[in-house]
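We just call them A, B and C in the order they show up, numbering each chain from 1.
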């Protein structure tokens, strides 16, 4: 039973970690606390619905279309709403992301209607049986894809010039500008990556459940994940996401579904009180 | 402006500021009809007390003035004869103007090597390695600390890194803002020695903004003195250093204070 | 004085026009009339205003929006056939977003600002419970609720009339049918339910129905926005039930059924009426959905006789809701609008709120239509639709299938 809970929690937590990672990338790049991350994830589920069910694209093509659309969405959001507010205090930017999430939700409901849409992607749906433990192939695929994305992401930041410039910009905007870096382009890139990661998470959650704006609540589990892991920290976001997934499973399994929220948000409170920079954050930079 | 004998420029100047006026908001005039020229491979110092407008001038030249809510109200800034006023700061850097801002601005979480790579990111890949080697030659200290996170180095080393990062981009002119600020005199002296070498090694022109007039006059060919937003004195370094005005307001007072302290 | 009155008129006209614009922009089709010629009960020379509230954009919109569409479609049909006693029925739909304060504002509006003869919907049971005192005071009859809160019908309230299958009957019919068809003596049952008031209530009814047969019921709660149902299904594995009852939203059924399939829990299940939609069956898939049923007092068009469903199918196509014709909620809205039309007709040439209440409270009955079981209101019982039947889905034909007539299942209800 325990192993079962741990593995399921790990699989779901990987999806949360992916969405949280996208959140952390955007936060690191521009210090934008992006409350729209949850709804960006929902966009992923609906993009998958459009690409597979409405357009009838073969799955590999659909994946490319979904990722391209996600990148475009992130870039457009950054260009229209975040760039003009560059240099403004935190609060107006936060309000913008909240407004954005409400607008996107309404747009989705206008475009797709309020009825949840079932996804019909060719992701595997069977069961993998390992002794006593049963894992859904879909959850397992989600976890594996999440880890691959995280790996690609690390390689990108570690080994490519664009990744280096992104890290530099996150480190100091001004120094980046004075090194000739076009920070607007870099920030747009961060939004594209953050949106892509959210959208991939959304495709999986949409397939596990239904494409529905209610998924936003699950997407917003990325917030406790990043706060627990450390806002500034990339590994922190992933570990935070996995922790949230495992806590969720153990609390619902051993106590009650309601207990889940208590056990996710109590560590968040404790973290904010005793270690506001999070498990992996930087003490100087990482206060919430 | 009191012009002393001699002009810095023979042919087209590298950087030219013509009757530049800048204001913050509607009324606060920060610069008033300022003229300044940096010739090719020349070393020019911009001197003045705190609040004289040095930072405003350098922000305007480097394209950062809009970020600080200032606006050009008149005049021009020309880089190799082309107007750069109103261009974005990163664009200006890519056109060949390197920047060493005040406060040792380095990427603290990146290694020394990565800092230099970001600095040289505008160069084609083939020439970057060569350029970095040249920078390491100039600052052997940086070569020793290649893999160290910049934030863990001493103030002097960070200042060196900031210089090295700006040089990595092969700039034709380098703006250096308040190099000496917050550093021990010994270290400042050492870094000023490196500045001399920069001209020798790379042929880079330097525009040095400095509160410590004695230091700057020690290495520059030509100097401008800014007071309350206007150039009040300009001329070859030795003449400026010898001028009465300079002596009274900057060098003399300081020398006396230092004597008293000594 | 005259100027003052003009000013008031202008303001009202502005409000009415703004209201109309707002309604249109929110996608409701209601031909808003100007508010200033307002008789008290919403009855005009050529039309009758009738209010509908529902969640059209909030968390319960997935089920309540089709319900409102079903209601409107039926009224379109009524109007196309000449209306009632020469009057068109003008449906004023308010989106209350599953939110008690909005529900209250809408009800007040229906009482006097844009008065209506009566209203339907009110699909949030806690809002309904909270509004009972207000309903008693403002006296706009609520005819055909989307969900029936206990406080609305116990004790019987002359102003409130149920329009949906009750949780109690859902439990009774589900338990009765499965115990009978699986030939179970003392059935072992597990109830997966949302950890909200209505879920706990449903589980209570399950307890009662199972206990009556000498069996046992295990309560397994789940959250509204759960990401997965592993803990619930592990609890199911533990309980080894003969069959499972599901209370929740569409996602609940989906997660539970998929997890059951994943863990090899192959027992029949039935869900509450609201979860009997084609989209639930389609997203669950045949492997996990073949043994999944729901209990309902309404019949989806594809499971009904062609004659009974003909009007609904034709009108749904005409109104552009073709895809909703098999949605149990659309059918429910359609049936309730039929109830409303019948009640208004019986209230005579000049209907008032008072007459309407008199008609309904005094023993009102609609026979089973083929789209629903028979509806009965007596002065002591306003629940209305009391007989349900289990319904399943045939994946091959993409049609719902019933297991008999409503009359066959009357035995389980008391």
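Quick note on the criterion: contacts are C-beta pairs under 8 Å (C-beta built on N, C-alpha and C of every residue); 3 or more make two chains touch, one makes a residue touch a chain.
Because the structure is a prediction, the values reported are computed rather than measured.
For chain C, the chain with the farthest CA centroid is B. Ranked by number of C-beta pairs in contact, the top chain pair is A-C. Per-chain Cα centroids separate chain B from chain C by 75 Å. Separation between the centroids of chain A and chain C, computed from CA atoms only, is 37 Å. In whole angstrom, the spacing between the mean C-alpha positions of chain A and chain B is 43.
Residues of chain C touching chain A in their complex: 56-57, 59, 61-62, 65-66, 195, 221-223, 225-228, 230-232, 234, 249-251, 254-255, 258-259, 261-264, 279, 282-283, 285.
Partner chain A is touched in their complex by these residues of chain B: 62, 64, 67, 88-91, 93-94, 99, 101, 105-110, 114-115, 117-119, 121-122, 165-166, 169. The part of chain A that touches chain C in the complex is made up of residues 1, 4-5, 8, 12, 106, 109, 113-119, 125, 127, 134, 136, 139, 205, 208-210, 212, 214, 217-218, 221, 248-249, 252-253, 256-258, 260.
By the touch criterion stated above, chain A contacts chain B in their complex at residues 87, 161, 164-165, 167-168, 171-172, 174-183, 282.
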